[in-house]
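First chain written, first letter: the chains are A, B, C and D, and each begins at residue 1.
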Amino acid sequence: MGEQLAQYLASGLVVGGIYALIGLGFVIVYGVTRIVNFAQGEFVMLGALGMVTLTARGYGVGTAFVVSLLAVATVGALLERVAVRPLRRAPALAVLILTIGASIALRGAALLSWGTDPLAVPAFSAGPPLVVGGAVVVRQGVWVLAVAASVFAALWWFFNRTYAGTAVRACAVNPRAASLMGIRVDRVSLLAWTLSGALGATAGAVIAPITYATYDMGLMLGLKGFVAAVLGGLASPPAAIAGGFALGVLESLAAGLVSSAYKDAVAFVVLIAVCLAQVAGWLPWRVAQES
Amino acid sequence: MAARQRVMVLLGAAVVLAALPWVVHSRYVLAALVFIALNALAAVGLSLVMGFAGQVSLGQAAFFAVGAYVSGVLTATYGCNGWLAVVIAVAAGALTAAAIGLPIFRLSGLLLAMATLGFGIIVYYVLVNWAAVTGGPSGLTGVPPLTVGAFRFDSDARMLWLAGGALLGVLWLAGNLVDSRIGRALRAVHGSEAAAAAAGIDTARLKLGVFTLAGAITALAGALYAHYLTFINPSPFGFAYSVELVVMVVLGGVASLWGAVLGAAVIVALVETLRAALPLVSASHGAAEYEIALFGVILMLFMIFLPTGLVGLARRPA
Amino acid sequence: MHLLLMLLIAALMIGGAQARADAQEPYRIGAVFSITGPGSSLGIPERDTALMLEADINARGGIKGPDGRLHPLKIVIYDDASDETKAVLAAKKLIDEDKVTAIVGTTLSGTSLAILDTVQKAEVPLISCAAAAKIVEPAAERKWVFKTPQSDHLIVGVLVDYLKAKGLTRVAWLNVDYAFGQLGWVEFEKAAQTAGLSIPVNEKFGQKDVDMTAQLTRVKAAAPQAVVVWSIPPSASIATRNYADLGLKMPMFQSHGVGNKKFVELAGPAANGVMFPAGKLLVAEQLADNDPQKAVLLAYARDFEARYGPRNTFGGHAWDAVQLAVRGIERAGIDRAGVRAAIESTRNFVGISGVFDFSPTDHNGLDRRAAMMIQVVDGQWKTAK
Amino acid sequence: MTTSALLEARGLGRDFGGVAAVRGLDFHVAAGTIKALIGPNGAGKTTLLSMIAGALPPSRGRLLLDGRLLPVGRPHAVAALGIARTFQLVRPFGEMSVLETVMVGCHRCGRSGWLAAALRSGAQRREEDALRERALAVLARMGLAARAADVACALPYGEQRLVEVARALAAGPRLLLLDEPGAGLDATEHARLATMVRAIRDEGTTILLVDHHMDFVLDLADEVLVLNYGEKLAEDTPGAIRRHPAVVAAYLGEEAA
């Protein structure tokens, strides 16, 4: 049983790392703009399919990673400029529907460009899986955790040690005050969307070798990432990371110890539970609402 | 719309509806109109929630599924009378909505939208995994058509009378409601919740009431769907259908009942036209491939340029 | 509003009228495939095969009808996007607007079951390319409906016989949580009981799951003699790789759902050794020369691979369906009832999925000979020993 | 003038994130009087009004209407007890007409439920007519009869304020809370408002009024409560307030300067 538990934990952490990366994208955009970006999962899909195309053309994993990251970050920035900005005064629900539209449009575009077949991406490094404390971890799983850790560290540095990062944080706390202090809120919004595009692409690129890439992979991953973000209160990057790992482990334990039939429902039960707990005031933190 | 005007319009529509099978003989066109009517019913329900309670439900397909499965299982598995099953299905839709709405309507805005999304997906998993009752992913066959004496609603034309009649009836009731004290209160809540509450309106109860009503209407559409197709399985009731309903409502114009009907008609017609037209352009792509991208783009364009929908376009002063 | 309704009807009618405008007197067969949506990996080769057959038949001058004259063949293909309501509309459009004599498809069991009522009432022969047995059973109630793929109980039966013959009696089971996986499980549970196999664990996973390690860890703990995974790629491939990564060594069995190159391509070396029951098409070259299907299989595989890439059994289902419809039309022309009767009386038709013997009580027409065990060896399909 | 207290506050306090907006407040509003609430920006006036209206739960203390506790955090229940309010910022109901807006104000006068409304029962139609008449009467009184069919949010600002008052009045409240009803009105409109408020009082409605406009307030009110940093600075008749040294120093002096 101990070995099994270790295995559930290990697989849960790898999957949780993916959710955490996606959840971070939600938190950054939500923090600054109070928008739930439904297209976050599509960024992940684009990152993964970008890796497919680039590695198939013979580029190395590193080059492919950087190029697809930049490309998807550009998509994020474009989306902000073309679609989100004109609606900056609209109600939050209108913007939510807009991003749902964006996610469907991106999915449709991917379907037309890449087709419906799942596509494979080579692992970052070849070799048999590692055994850690009785649990088997594939090498790409280690990559997922390593990349997630580096991204978290880089984000921490960015938010706490750079001017732009501080500006983002200021906007997240109080956009009006930030603008009074001379911070260009519209630029910060652009930055947030670009960043979330890059984060999504990163998640997509590292998981593609494990999950393969398909045009419709974004929806479920995006939703799980959102649940991770809500679990962490939607406003705090470290909490979203914790939420991601918690969700991954919870799903894995549910599949392993309870029943695999309802494994995917776990995330959504958690989602509703967190929402309700928030209303009832049972949570030590609050989900930041539209101010 | 004044009450009398509304009655005239609906009566006119009823005459057209009654005469339609003598004018249109293609079962395909009639079936498309049946699906428009069923989608429009569900969309009218959602437009009440979106336009009058100011909330987005991303799980509306779940109520369609509840209606379809309650009525389908009762008749196909337990041999229950069809109309009784439809009534129970509608009640089940309302009860489900009330039960889920009671806790989640204390949430607001985005959290509420996401909670309804979660609810919709959970219902889908229940349909898939509770195979003993629902037949699981491979579905439930043998749902009987509805009958009145010897008259069976088993052809496209007859089903169109039923579904179209149900739609007109719901439009009449919902139109009356919107024009009443309750409807005014709903519109007030949408306009300013705080001011509405100060006027003595129990906003939480009212919103819950609308959500319940929408659940009932959507379940009615689902029940009729089950008796029309005589077969149900979970896959039409997934998240995609919830989003499609939102698209219909947004397209037509959020706070307009006729807008929801228009939205449903346009979407079905668009999909069918696309299917007819696409083979002329490209043999290698399925129509649905373009359909997905097209839906997304339509949704975005409408939110950016025409948030009041097609009805808003018509109303806008020239 | 009335105006809009009228416009709408007009638009729908124009859509239909266009298709009717052909001058010649072609024979029209309708087809509904899942070219998009979850069923697309099956629907696309089906569509390709139908297009190929249409071109080949017309290149030979068309179909010789009961009037003794050659008629061109027109196959009207619609995409149902793996969606039930779209399938119903497509079927009605084929029947009333395109005036087809018979319909082939749909791709998936759900969509086929959804259009049953339509074709039965309209009295149009339907030849389904979907797996579920209940599409054509009981045949007495499904007068107008036939299907070409081997039913689940047939495929599962071949697998269970094989397991038993190899002395593998403790078998773990995993299936994907939609119709294909569920129907497989229902049949397997039944067949296993009859054959005296025990199933220490049965687990599910989603088609969009990214990791099945948790389920496989439970399997590992139960220490069965063999494992069956009933799914299609990509989840089937992910499960296969997770299986190898966890170091599980017992033999792994899968379904005919992995009978395409995509499975091997995605799963990589982990796919080696995987065995699955499927039609003979995949190993056509290795069949004994006296196998009745060998020539037909080789010809189809050659034609298909020359145009579209590696063969798979799904395209074969469409080949059988179209050929059956064509044979019916050769005997009865555009008389739908005649075509139906012709199909029902078809005996000894050598197709891709097997040799078909239809009868009023059997609208699938296949038996155990239609499937065999196949093994992946170094990325290639081999007849399992 | 009667002296029985309609509304009474005891030790009322409200914090926002540790900062007290209102603290330890005791006062009462006598039935049938106009009480004015004044104080500089941030003195806690609107916070106080929101607490009375039930929109904001107090952190401490109690509010009593006729000696009975007011429901907390349930504005519609407070409204049911006969307390109506206007808002500092006009809150129109979307695209609603003036008549409908005022009819929303008398929402509580109606009884008919969902089913009656959907079926347009006879009783429901009669009730609808009664509500319409009542709303029209209120509009006529406010001099807005000609505006009944107009879209409320398209009216000039001053008239929107009057619609806001009409909406509150339509409920037939015992206690009317007016949050800066005179803001943005010109002199003639101000005079009209003052006449109207007096008339409302004379019909027996008690009024609690927040305003910045000193002359308007001191001229109109029967009693004045002065707030400063959430605490009571003074509570007295207008005449006494004009001479109250602390008030003059803290507030009137500022105004005068």
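Assume contacts are C-beta pairs under 8 Å (C-beta built on N, C-alpha and C of every residue); 3 or more make two chains touch, one makes a residue touch a chain.
Keep in mind the model is a prediction, meaning the values are calculated, not measured.
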Any chain that touches subunit D and subunit A: B
Number of steps on the shortest touching-chain route linking subunit C and subunit D: 2
Chain closest to the middle, measuring from C-alpha centroids that were averaged per chain: B
Centroid-based (C-alpha) most distant chain relative to subunit C: D
B-D or A-B, whichever has more C-beta pairs in contact: A-B
Chain centre separation (subunit B, subunit D; CA means) in Å: 42
Distance between chain centroids, defined by C-alpha means - subunit B, subunit C (Å): 33
Inter-chain centre distance, subunit A versus subunit C - centres from mean C-alpha coordinates, in Å: 37
Overlap residues in subunit D, where contacts from two or more other chains coincide: none
Residues of subunit A whose C-beta touches two or more other chains: 111, 219, 261, 264
Numbers and ranges of subunit C residues touching at least 2 other chains: 36-37, 40, 177, 204
Category of the chain touch graph - line, ring, star, complete, other: other
Chains touching one another, given as label pairs in label order: A-B, A-C, B-C, B-D
Contact set on subunit D toward subunit B in their complex: 53, 55, 75-77, 79-80, 84-85, 87, 91-94, 96, 100-101, 103-105, 107-108, 110, 112-114, 117-120, 124, 127-128, 131, 167-168, 171
Partner subunit C, residues of subunit A touching it in the complex: 4, 7-8, 11-12, 14-15, 18, 111, 116-118, 120, 129, 136, 138, 207, 210-212, 214, 216-217, 219-221, 251-253, 255-256, 260-261, 263-264
Subunit B partner contacts - residues on subunit C that touch it in the complex: 1-2, 4-5, 8-9, 11-13, 15-16, 18-19, 35-38, 40, 43, 51, 77-79, 81-86, 88-90, 92-93, 95-97, 109-110, 113-114, 116-118, 121-122, 132, 134, 177-179, 181-183, 204
Subunit B - residues contacting subunit A, complex: 54-56, 103-104, 106-115, 117-119, 121-122, 125-126, 129, 239, 243, 246, 250, 285, 289-300, 302-304, 307
Residues of subunit B touching subunit D in the complex: 3, 173-174, 176-177, 180-185, 187-188, 190-192, 194-203, 209, 213, 255
